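One structure is given below, encoded as structure tokens.
As written, the chains take the letters A, B and C, and residue 1 is the first residue of each chain.
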Amino acid sequence: MAPILEVRNLRVEFPTRRGTLVALDDVSFDIAPGEVLGVVGESGAGKSMTGAAIIGLLEPPGRIASGQVLLAGKRIDNLGYEQMRRIRGREIGAIFQDPLTTLNPLYTVGRQLVETIQTHLGLNDAEARRRAIGWLEMVGIPAASQRVDSYPHEFSGGMRQRVVIALALCAEPKLIVADEPTTALDVSIQAQVIALLKGLARDKGTAMMLVTHDMGVIAETADRVAVMYAGRIAEIGPVREVVKHPKHPYSVGLMASIPPLDRRVEHLAQIDGAMPRLSAIPPGCAFNPRCPEVFGRCRVERPDLLDAGATRAACWLYDPASEKRAPEAMRHG
Amino acid sequence: MAAQSGPLGRMLDSDLWWSFKRSPVTVVSAVVALICILGAVLAPLLAPHDPFDLATLNLGDAFKPPAWSQDGDMAFPLGTDDQGRDVLSAIMYGARISLLVGVCAVVFSTIVGVAVGLVAGYVGGAVDGLLMRIADIQLTFPSILIALLVDGVVRAAVPREVHDRIALFVVIFAIGISAWPQFARTVRGSTLVERNKEYVLAARVIGISQIRIMLTHVLPNVLGPVLVIATLNLGFAILAEATLSFLGVGVPPTEPSLGTLIRIGNDFLFSGEWWITIFPGVALIAMVLSVNLLGDWLRDALNPRLR
Amino acid sequence: MVETTPMFEADDLARYFDVSRPWLQRVLAGEGRRTLKAVDGVSFRIPKGTTLSLVGESGCGKSTVARLVVGLYRPTRGRVLFDGIDLEQARAMADQRRRMQMIFQDPYASLNPRWRVRDIIAEPIRAFGLIEGGAAQQRRVGELLSQVGLSPLDGEKFPHEFSGGQRQRISIARALSSNPEFLVCDEPTSALDVSVQAQILNLMKDLQRRLGLTYLFISHNLAVVRQISDRIGVMYLGRLVELAPAETLFEAPRHPYTRALMEAIPDLDMTGRQRIPVGGEVPSPISPPSGCPFHPRCPLANDRCKAERPALIPARGTPETVVACHAVEEGRDGAAFVTMNQRMGTTATAL
């Protein structure tokens, strides 16, 4: 099946007085209909910026310097603000961490849903309202036919995020970009919201890009995962492979540093140091100063995504021409 | 990143300096403000004449027009007034008084306002309520009215010769007292935010005294907006002083400020001697406008949301 | 066994907040005062050299407990002893106050942005007069920085020059500078990225071993809590619902809420187990449900749970656990209890 979203060599730059910062560099991936791509990484890795670039909401002065974003085969990275705004409602649904940024506090949730449905699907008032209530029921809001006339502030945090999901889905978009949709919610509520999102995406054949720092959420929800580091994709592949048998030394460290729930370990695996700032990305592979496997080439040449078994990893260990190969344990997981 | 050392290097490397350089209006304002301030402060060194030295005054020089007009005299570049005083020198000495009053008034209102705002915000409760209601009441009176009121009370209370001696302080007090609520409100707002931040809690955990926390932790973190308000208020204070002096209730005529000069010159405007009032007026506008534009820039440059 | 004085002991600790609207609005709307019972009768003891963790979702009162423990709030009710001394008296004595310190959640707000790191770390040293002389103080600051894995030269910098994880190290160095014995840690890793979180947790465990510290650790993350705790208390709406040794709590969680929390955590091992999300939302602590506060969401609730508030008593089957649940007391949790144990068993073998 043709992918819904194609991102090709995306590069995002921030011109500053100290020179141009490259926030995203050579980011490429696809998302197929009904597929959930998880994008993980630590703060500043560029995961949220990837989402923002796709939906045309980069914070100025950030701009797409090169590369392409294609939605159902059509380029959308070069559209104007108005055109992009229309696409954001109809073809791309966006869900952010804070539901209050998406909801208009002055209108009832019903009115916001009805407006969106009418703008994009052109239904009459009664039909649109019926649909709106249907969506609220589908996202699990109890007594939807009464709550439809409530204002956003009358809902609790978890319920509000459900309303946002309904709002993002009601125009039946092809793609959903969800940026940390559950981070602001309590654990017991998170599970409900994730299950909901995943179910809806599957049923409607919607492609979803799920940006989060929570590996647990990714493991539960995503089909494929992209691990980002310092503005680039370090590894991309099927979720099970990336979580269970990561190939890039950074993914390996990241997975190992997650504290396990089912046992106590005396010393957690940790990656020493911190991710470099955008203004001080080292030459070669950006991870090389923290990498336990680093060798000569890593400090000089920047690796592109290479085949590493079931996943693709931007690491010289997987280049047959390198003088060093991945340790046995890492190659087979 | 170029590693610059020393305070000058740090300043030239700072974001503030960068945003300054990028705004031509601000650079021009800064140059104008600098000329005004230097001209005022260094008046005794730079002014061509001493307008207060009666020995050098010659009534024969009275009403000379600016140097470039037909009857002009190169010795008096901007002409002379009714007593033969050099207008340029009078402006420079007058600006000195205006600036002195303005700066002192702003410093006074800053100190009062910051202290009140800090205490109100940090202590909270009834103290906060009381202080802020006083500020609210004060804000309902136009500041000029307050200044006139203070001046009137002092005039009625002390003998004339004493009044002349303390007139300068009265004006400073009158202008300063009308501006403090603005500082107090801003500082109170920032203090409310800062006092619940974890670094303040950390200091409370080890038992640092409240006064010490206010002065060493909260105060340095609420001063940013104060600098902006102070700059904007300097323009206002200079203008307020000019207004009071124009109305004849400001500084004594023995030490004329820009406002006094404008008032004196005003009498001759319709008899054709326009330069006596217009040039002090232009100087006043240049000074106030440049200071205000600098304040606007500072406000924008320090506000991360507008950047 | 000789019972030594615990480092900290709380008995029926409570803290209420007045959240009424202003007087005039209250009169106009004809409503009374409203009280938020943030902490409502919590008892625990922390033996020296051990870690007690309090877990729960936002609004459960765990951070309020942390602030009560270091004296940032005064308790509305209850008895609190710091090493056998009444807390208020202990707080009044500098040499007792020095022994307790706090580490906060937000590494961007917990360091004064206008101070140099060396002054931040030296503040407790100066406040308690621990070391005389600037040079000696700076030597100590350098030692502390090395102890938390930073360079002594970092003292000259300002907080904004550091990453979140490094700032949290600075916070720890500052807390250690008064040679404390008891550290209250309020979500110290929840603002950090996962690889950095591991660094900080390792550092805290290491410091505990080396310096014999006692921790009260507040967190919403059960996996983090498991790594660091000796005992764990689960809080819900201002009360402890279960308190147990760490291993016991994870192997045999008894309270339905504890079990629900564990169920809700996304499964990283992808054993394919179906998660059963807890229904409903946390009720408002201003008007908590009658009886057991968890009853509206509890699958085991019956009429007694709606009417009568359960006391925290030793649980049948796991006597080291104290749990506030009628169902556990009456043995009505049997079936669910067994399934949970089996499921945890399979997860462990799958690894």
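Here is the rule we use: a contact is a pair of C-beta atoms (placed from the backbone, for glycine too) under 8 Å apart; a residue touches a chain by one contact, two chains touch by 3 or more.
Owing to the predicted nature of the structure, the values given are computational and were not obtained by experimental measurement.
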{"item": "Interface with the most contact pairs, given as the two chains involved", "value": "A-C"}
{"item": "Taking each chain's C-alpha mean as its centre, the one farthest from subunit A", "value": "B"}
{"item": "Distance between chain centroids, defined by C-alpha means - subunit B, subunit C (Å)", "value": "52"}
{"item": "Gap in Å, rounded to a whole number, between the CA centres of subunit C and subunit A", "value": "31"}
{"item": "In subunit C, residues with contacts to at least two other chains", "value": "none"}
{"item": "List of subunit B residues in touch with subunit C within their complex", "value": "197-199, 201-208, 217, 220-221"}
{"item": "Touching residues (chain side subunit A, partner subunit C) in the complex", "value": "42-43, 156, 158-159, 186-192, 194-195, 213-217, 219-220, 239-240, 243-244, 253-254, 257-272, 274-275"}
{"item": "Complex contacts: residues of subunit C adjacent to subunit A", "value": "57-58, 163-166, 193-199, 201-202, 205, 220-224, 226-227, 246-247, 250, 260-270, 275, 277-279, 281-282, 344, 347-348, 351"}
{"item": "Subunit B partner contacts - residues on subunit C that touch it in the complex", "value": "67, 70-72, 91, 94, 97-98, 100-102, 104-106, 109-114, 123-124, 127-128, 171, 174, 178"}
